[in-house]
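We just call them A, B, C and D in the order they show up, numbering each chain from 1.
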Amino acid sequence: MPDKLNILVWNEGVHEARNEPETMAEMYPSGIHGAIAEGLKGFYPDSSITTATLADPEHGLSEETLAATDVLLWWGHVAHAEVSDEVVERVQRHVLGGMGLIVLHSGHFARIFTKLLGTTCSLKWRNDGERELVWTVKPSHPIAAGVESPIVIPKQEMYGELFDIPEPDDLIFISSFEGGEVFRSGVTFSRGKGRIFYFSPGDQEYPVYHQPQIQQVIANGVGWVAQPAQFREAPGVGNARRDWYL
Amino acid sequence: MPDKLNILVWNEGVHEARNEPETMAEMYPSGIHGAIAEGLKGFYPDSSITTATLADPEHGLSEETLAATDVLLWWGHVAHAEVSDEVVERVQRHVLGGMGLIVLHSGHFARIFTKLLGTTCSLKWRNDGERELVWTVKPSHPIAAGVESPIVIPKQEMYGELFDIPEPDDLIFISSFEGGEVFRSGVTFSRGKGRIFYFSPGDQEYPVYHQPQIQQVIANGVGWVAQPAQFREAPGVGNARRDWYL
Amino acid sequence: MPDKLNILVWNEGVHEARNEPETMAEMYPSGIHGAIAEGLKGFYPDSSITTATLADPEHGLSEETLAATDVLLWWGHVAHAEVSDEVVERVQRHVLGGMGLIVLHSGHFARIFTKLLGTTCSLKWRNDGERELVWTVKPSHPIAAGVESPIVIPKQEMYGELFDIPEPDDLIFISSFEGGEVFRSGVTFSRGKGRIFYFSPGDQEYPVYHQPQIQQVIANGVGWVAQPAQFREAPGVGNARRDWYL
Amino acid sequence: MPDKLNILVWNEGVHEARNEPETMAEMYPSGIHGAIAEGLKGFYPDSSITTATLADPEHGLSEETLAATDVLLWWGHVAHAEVSDEVVERVQRHVLGGMGLIVLHSGHFARIFTKLLGTTCSLKWRNDGERELVWTVKPSHPIAAGVESPIVIPKQEMYGELFDIPEPDDLIFISSFEGGEVFRSGVTFSRGKGRIFYFSPGDQEYPVYHQPQIQQVIANGVGWVAQPAQFREAPGVGNARRDWYL
């Protein structure tokens, strides 16, 4: 993995502000974004790991910030509609230009995700605190490196097929739930010069982001979606309308 | 191929209205849409083949019309921006719900195409009337059935890589041009329950849509993207938000 | 689907000859191959549907027979090693040349399957008669047409990941089992001009091939892998070593 | 890229032994393998880069050697048939177990390549010393990092479609030739836990492996197919028949 990355963990931050559910403050005292950032520190000790939320000016996603970001992680749930058109388009442009993007859990309905994929990204769900098993199906992929198969998550919200996404470039993980549902829980996409990793485990009601194996997958994902700066500037790759990107 | 389909050929119709280039009226006396529809008749004698243009009410793409359409073909060039938001979203919804879509040539910049794919869909181009060779690279695909490899197009506009699209589900044709450029000229995508075929040959300056082999490919494409009605209503396929589609 | 096909259902026929398990004769009185052939008749009333077994001369897979076959279905389990090199190579050549192939259940270890895929095709298994749920994850695919999601199989042998196959062209079905395992149970591959569909449900101990929905999937598979004869002879498709195929 | 790798460049070494063509000794004084190894040194100064040929005991590919190899590069042309069954099976087993494999140019007919892919891997060819242009079509892939598009190779043997390979996991480069042919010249595959990269430029008659941009691509490929040792031993990934691999 690259030594020094600029990693930005974005969270709408609404569950934290409302303390919903009531366990939120205790489970994630520094917010879901704080926990994710904390989990990454052990893997990227020399990298810059910062956070931003919806309430920040420009949602903390200014042109300047994105231009300096190698990997953006996205967590959202109840406030997708409040992310401005301008910011969604700006993030899309940076992803197409080479910035890595990791979308987590309920971020499947984030406007940036549906905009990049072109489908509804809808799915089945049921929140009964079921056991989730995350099975590796592409062991040759770096995102699966060092990951147990299955990862056992004691309690999780069920996400089930049909997951309305385009055919992913890589299908790395498939989950099952106690009710018998299955879900393509770890998938990658390439869009323009950028890489996207979607990983479904993680919810505001369960302490999933504290599990070491989940942290391992997210750290692997960061390494995989990251594109060293010089890569974005390869001579001659690009097209007649280079400025459409960055 | 299915016997009876409702096929709708859409063209912005602006080159025809302006008679630009001057050869248009002679080359395509019933418009580009008319030529495409004509080419399909021999392959689908029992199907309904109609046309619509930008100037029609709702661009000829009302909810009622789309609900009755199995396959929509799309040709546009100079007026992409004039297609209304409402119609673009409506077409997207019907594609996700199972309507087949074929996007031709300069339709790569059509709003419906970029919306479904999530990328810029930009490409290199040069209009010097170069010979295009269309090579089959996936001979097991029905869209390649009965197609010579290569198809020789005596004069065409060059479209070249980098073609900024997501990785296609199927790569069926790759073209080369006299200048040495290459282009993924026949590609498919699945989005929701719908199928999409993009085929690049065809231009307002060259009589490409009169070539029998080009007509064969487009007819094959119609058969492939078509989804019989009962298929859209398979029991239990779908998801918790079925109404998001149709 | 094509009207008239030559469909050949191959079964090693060893469980039948030994009546192992003891329920075999009652469950599949005309053999597993007989039941599969029977299930196809309702879908292909005008097609020729025949069967062959390991004990037949050349295993019933002579050059002449294969040359006249559009779709070959394959069921094997305990006698993979007894299929001769010559026949395996012959079948491979015909698949590459355009003959459709459907491999069922324990056929994952058939020599023709591992030879075409290049991997071990190994998997996890456990035979406890568990409920299998077969979920559709690619609803735009013809093999999913008219198929309920999930198909419920009351008792089945568990097949679980890691299924050591190359990345499939299409992932259509994912199964879950009571023990929590998942399996890519319906996958397609293209090899040369031929199409391959692997479908895992079906076992010598459970009457799976009598289930109407399983019969529907297999019938859909036959339609999808079938390649009309003229297709194999498209002018110019092919290569400098055409004779390597047929 | 990983700092320390064990890289083994294999060449049949027959053109060198016969000095065919006559330019061989001057063009590649340390053999094709020597040139490839030399090109890698600048990119992997801390790695072990060794070579082996057909004439070595066990072709230089003993169990012990392969067990210590992270990446194997393969160049062969006239002596594919002389590689022993035992060595082909051994290499396959190590690739499935996680060893990276890069197959170059006429290695498309190497027995290890056709065995891993399951197709004939045949193609069109013509040796007229034509200009080849290598275009990047997947700029988000690490193998394309720092690579000009197109790479211009002044004189090359033409390799053209139809290239009879399974659909690759990634299509990174497409080449065109002066005669108008196209070729999928840079493609990847995953098989088991191993990664494979095929790259077509390079021939015994042209000094292609001395071109810095070609060296860049091969070096990128080495980095991409390499699998750190701990990765092969991820707990629980694997299957009931782990010993089938290593």
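The criterion applied here is as follows: a residue touches a chain if its C-beta (ideal position, glycine included) is under 8 Å from a C-beta of that chain, and two chains touch if they have at least 3 such contacts.
From a predicted model like this one, the values you see are computed outputs, not experimental measurements.
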Set of chains whose contacts include both subunit D and subunit A: B, C
Shortest chain-hopping distance from subunit B out to subunit D: 1
Gap in Å, rounded to a whole number, between the CA centres of subunit B and subunit A: 33
Subunit B and subunit C, separation of their C-alpha mean positions in angstrom: 34
Shared-contact residues (touching 2 or more other chains) in subunit B: 136, 138-139, 149-150, 162, 167, 169-170, 190-192, 237-238
Chain contact graph, described as a line, ring, star, complete graph or other shape: complete
Contact footprint of subunit A on subunit C as seen in their complex: 131, 133, 135-139, 149-150, 160-163, 167, 170-171, 174-176, 178, 180-182, 184
Subunit B residues within the subunit A interface of the complex: 92, 96, 115-120, 122-125, 162, 164, 166-167, 169, 189-192, 237-241, 244-245
Subunit B to subunit C touching residues, read off their complex: 98, 136, 138-142, 144-150, 169-170, 190-195, 227-228, 230-231, 234-238
